Every structure is written in C-alpha cells, then in structure tokens.
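Just below sit the structures, each encoded as structure tokens.
Common to both upcoming complexes is chain A, partnered first by chain B, then by chain C.
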Partner chain A sequence: MNEVYKIVFMGAPGSGKTTCIAALSDIPPVSTDVPCTDALQETKDTTTVALDYGELRLDGDNGRLLLYGLPGQSRFSYMFDVVRAGLFGAIVLVDASSEGAIDGLAETLETYREDLASIPLVVAINKSDEPSHALGLRCQQALHAQGLVAPVTAMDARRRDDVVQLFEVLLTLLEFGFGHTSKGRAT
Partner chain B sequence: MLGQTRSLKIACPNFGIEEKGALRSILGLLKPYLQDPWEVSEAGPCDVCFVNVDQPNDAAPTADTASRVVRCAQRPRLHPQGAIHRPLRPHEVLAVLSDATKQLKGLDRDDTYRPDGHWGFRLHAWPLDFIKWPKPWWRVLACIAREAHSIEQIAERTGLPAKYIEVCMERLMAAQLVERLAYTSNGEVAGAGLKQKWSALASRLLKKFGFAR
Partner chain C sequence: MSIVLPTQPRCHRALDTLLHRCDGVEAAMFALRDGRSYAERFRSTLPVNKFAAMSSSLVALSNSVLREIASDALNYLLIEGDAHKLVLCKVAGSKSPLILSILAKHEINLGLVLGLAKMCAKDVMEAEFAESAQAS
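Moving on to the complex of A and B:
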C-alpha cells in the first residue's frame, strides 16, 4: 500500500522552513524562492513566495512523508488548503533573531488555530543556541492566548539532528496524545 | 451530595476583604440567573476555588481542596484557557458558576466518581526544558496535553509504570504546569486501532532517522 502522510513547517520569512525541509528531504527540495526586493533584502537574499516541498520515503517505496513549508502570515492562509488533507503534524518556526518573532508566531497561531488544535504541534525557536527563558515564556503565552498547549523548544535548522529531534517530539505527540479517543471526563 | 437546599461554596483564599465583598455582591446580582445558590466560604471544603494567580505563591496549598479551580488574573489572556478577570466581572462569574453547577451535578449522577482520590491530570504548559527530561516522560506530557487522564489511564496509554508516572507528575505539579482535576472515567479506551497506526508510522520514521524504539 502506498501511504502518504504530510507535515507542514510554518513561520515568518527567514524562520528556517526551507532549511528544515532541505535537511530531511530524500529528494532535492522544490522551492519557490525568489530574490528579495523589499526590506527583507537586508536579512536574506531570497524568500519563499509560495511553498517549499520535500519528501521522505518510508520503507523503500511503500510510503511517503510529504514535507511542506508554508508562510505563517494570515494573507497566505488559502495555501493551507493545499496541505490540509492528510496532515498529521505542524512545526511552527520562530526566528529568535527577529524583533517581530512573537508577533509573527501570534499571527500564525491565531490564523490557523483550529487546524493546529487538531494535530500535533511543536513550536521551534530557531537561530539561537540558547534562547532566553523569556522568549520561551512568550511563545507559551502566545499559545495560551489561542488555547493551545504545545512543546516549545530551541533548534538549529541547519543541524539535521535538531530537525530529527523535532520529529521525535512530534511523533511522540501523535502516538500518545492523538492515538486515543478518551471517554473520561474531567471537571 | 448536591442537595436542593445546600448552597454551593466558593473559596477565594488569597482574595482581599474588598474582593470577597465584591464577589458577594456579584453573587447577589446573579442569584436570579443561577440554578443553585452560591456563597463565599471562609473555611472548609468548597465546590469551586477562585485563585488570585497574580499572587501564585499564596494559592497553591488551598487549591487542592476544591474540585474545580478558577484562575483569576488582571491579565487572564496571559494564563491558561479558563482564567477570568480580576477584579471579577459578573458575566464571567456567571459563566464559570453555571458551568461548575452542571459539572458538579453530572458528577453526582456518576456512580464511578470517587472524590477521595480519583484524579485526572491535564497539562497546561510544557516545561520549557522538557527536551532534557527523560524521553519516556515526553509520552506522559503528550498524553495529558489535550485532555485530562488519571495515572492509571496514562499508564495504560504510555506503557509506563504508574510509580514512574507519579514522579513525573510530582515534578509537573511542583512547577505548576499541570492541573489536578476531579475525574471520572468509564474505564473504556477507544481508538486502539488509531494508536497502532500512529505507532507504526512513528516506528518507521524513527527507524529511518536511526532511532531505536
């Protein structure tokens, strides 16, 4: 059986989506990067205008994990329709070096709240080896503001081991947080 | 337990005298709209505990005595979902107490409810250093991130010994990252097939990345 699963990386321009997918993909990632022509020129040469795409093959040819990179801004929300079916996890990237990091995260969480509440979600702080405790707390506050509970962790998108560790967290969430339907009740 | 004549009790142990007075006034205003009478309790067991989380150190010990804890904060959006404004706002108090009444009555009808120690645990924030925690504890965190579960249920779902889970839970409670809630369960766990599917996918991916399970 040829099964297909999807994971999406989301975040502001420069947060590391393209790098994460390149670190994992078994195929040359398909990217829609174009030269920056606006204020982003000061921070990077190119930016993704549509989506990034990569693939991981599972057990030879018996299954594929599709990796998508999407902009987190609300004006691109229509693009989420492309990946929604079959999506089993999301990693939202935060650029620790950006002044607007938390605002970007808040916008992404608010825009996609309903989708993100129904799948495993990890918030990954990129571009900082030792992000401040305060930045982590602010990420958690942004999650709380949308009624979301998700792990927040630091990573370096250039290191494959870090990206793989994100996957391990996401898969733990999938297996132990989404693998059952509870019939209990709490008050 | 919920008799028709008994007032339901609200504890607010770390509220000031003026705030307690304000709550009494709000309860008077809300009386026509509440299904059961509520009163502010100065001591003893209570049905709902309002905690001023702007002074969290005062609140922790007393929150254990209530089956339902309501966080009250000047900026509730900075706290887990369910927190309400302080100073208290009548419409929020009405919503909280109406909800609590329904749930308390539901518990009354449930023969399996054991108020003397059957607790559910629900995570309200992941530890920021969770990546350094033992990986089996990640399973516990994942298990209680979306809904409350008892220790027994967590053990069943994660395959970990109950004692090991209790240690994790103690650490979470010490860090105030988990809520302890009165809990009922019919003991039925659905969706085992779904778990097998995700477990299989996780195994395949982790094997590909070089992790042993």
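Moving on to the complex of A and C:
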C-alpha cells in the first residue's frame, strides 16, 4: 500500500503551523515566509504568505502524509482553493500560550467554515503540556458557534507521534462521520 | 530590521505617472510583501485587499520555486490571460518590503510594461534612499 494523504494545517498567525511542518517533514520543507510589516512583528519576525509544504512517511508501508500549512490571516483565505483538491483532512492549531487563542480560532473557523464542514477536522491545542479544561471548552464553543463539530485535543506540533495520532483521528472521522472517501484521498 | 518605506504620496505620484504613460495599464499597486496594499491606482474597481494579498503570495511562491529548482532569485513574474497580463516585481535592492503589481491589457507590449515597472520602482527607490539618508 502506498497511499498519499493530503492534510492541511490551519490556525491563527503564530499558532505553530510553519514550525510544525519544518519539524515533521522528511524532506526540506518549502516555505513562503516573509518579514512581517504590521503589528504581528511584535510577536514574530516572519509570516507565511502562500503556503508551507512538507512530507511525512508513515511507519511501515502505510503511505505518506503531504503536509500543507496555510497563512493565518484571513486575507489569504483564497489559498485554500490551492490545496482543496484531494484534501484528506484539516488540523486547526490553537496557540495555548496566546491571550488571543480563542479569537484566532474563531476567525479561522469563521473564514473557512464551509470548507471545514465538508472534511474531517481536528482542533489541536498547541504550545502547552497540559491545556486547561476551560480552554478546551472554549474551543468547543467556538466550533459550535460556527455549526462545526470536531474533536479538540492537545498536541505538541513538533512531535511526529502526535501528528500521526491526529491523522488516525482524521481517519476515524472519515470512516464514521464523512462519506466522501474517493474525494478525500490523493493519488 | 527596521522597515524603510518611501512615503505614500511619493508612491502615488509614481503610480500616477505610470498610468499616465500608458492607457493600457488598468491598475498598479505597491503592496507590502506580507500582503497589504501600500499605495494603489486603479482605472476601474478592483478588490484592493485581495489583489495585494495575491501579489504577495505569487511573489513568495515564485521565489520559492526558483530557489528550490534553480537556486535562483526572482526578477519579475508574468501571468498572461486572454485579455490581460499581470506583471509583478519586487522593488529591487530596496530595504523596503514592497512589491509592484501592474495589470495591463493583453495587447500592451510586455517590454513596455516591464520598462514602466522598472521606472516606477526606480522612482520610489530613489525616494526611499533619500528619505533613509535624511533619517540618518
């Protein structure tokens, strides 16, 4: 079996998408980061303006994950059109260390609501070993506010095992909650 | 690194000159590399924010492609459609993070559009150096 699964990482600026793909990829990641020119430069030097790309080989003969990261700002929402074809699922990262974590999540969910409703989705709380129960609940509320249903889980986006585990969650969602298997797999 | 930008009125003047020199140019914009408009002049209504963000994505992706495939750097990017051509270039040698985007009618000669783009970029670069020298 040599399946290829295309996964997209989304989330507010600074939630860890670029770091995640750089840490996980078996190939040198493709990056489109540029220096920030707005208020974001107070918290980070660069921001993604097109996409990040990397690949992760699954153990054994279980195929490959193609990892795409989208820009966090809603002005780049058209980039979803670039990655939509054959998309297997989405992981929305939440920066637990940020005061604006929920606002960032809410903006991402609102911007991409229609697309996220049609693919397996996981919300992953990043940058915290033990995120509070309250943060998890607020993430669920943000999902419900957009009419979305998805598991909310903690992860370290730099750890391969965590991402593989999320991929397995996406697989389970596809099996039990979504009925577009043929559309959901890239070849 | 601190950002040095030519003033917006200076950029607008450079864009006005560009549009004045060629009727076939329908829109011209200085966008910031992270996808926001800095100065623009359009002959008709265009989605400013989307144009700026897409300009930044296209330049960044083109840079990545050239870097990955040929260890090269981008000079300009040309996209041709049935009715229009779009030319994007970085304001070269500049410390300011500006991209110049020009949308022209398809029948306009590419050399003319590139020449106008170079002149326009040079115009604001000179202004930038003058302003940066003044500041120091």
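In the analysis below, the second predicted complex is superposed on the first by the 148 of 187 C-alpha atoms of A that agree within 3 Å, B and C clash if a C-alpha of one lies under 4 Å from a C-alpha of the other, contacts with A are read in each partner's own complex, and residues count from 1 in each chain.
Following the convention adopted for this analysis, a residue touches a chain if its C-beta (ideal position, glycine included) is under 8 Å from a C-beta of that chain, and two chains touch if they have at least 3 such contacts.
Predicted, not measured: the structure shown is a model, and the values here were computed from it.
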Touched partner set for A:Met79, first chain B, second chain C, both or neither: second
Which superposed partner A:Gly100 touches (first chain B, second chain C, both, neither): neither
Partner chain in contact with A:Val30 - chain B first, chain C second, else both or neither: second
Per-residue touch tally on chain A - higher for chain B or for chain C: B
Overlap of the chain B and chain C footprints on chain A, listed as residue numbers: none
In the complex with chain A, residue positions of chain B that touch it: 67-68, 77-81, 100, 103-104, 106-107, 110, 120, 122-126, 128, 130-131, 135, 138-143, 145-150, 153, 157-158, 181-186, 188-192, 194-195, 198-199, 201-202, 204-206, 208-209, 211
Partner chain A, residues of chain C touching it in the complex: 1, 3, 32-36, 49-50, 52-54, 56-58, 60-61, 63-64, 68, 97
Residue ranges of chain A touching chain B (in the complex, touch as defined): 5, 56, 58-59, 63, 65, 88, 133, 136-137, 140-141, 143-145, 147, 149-154, 164-165, 167-169, 171-187
Complex contact set, residues of chain A against chain C: 30-38, 40, 47, 49-51, 71, 73, 75-76, 78-79
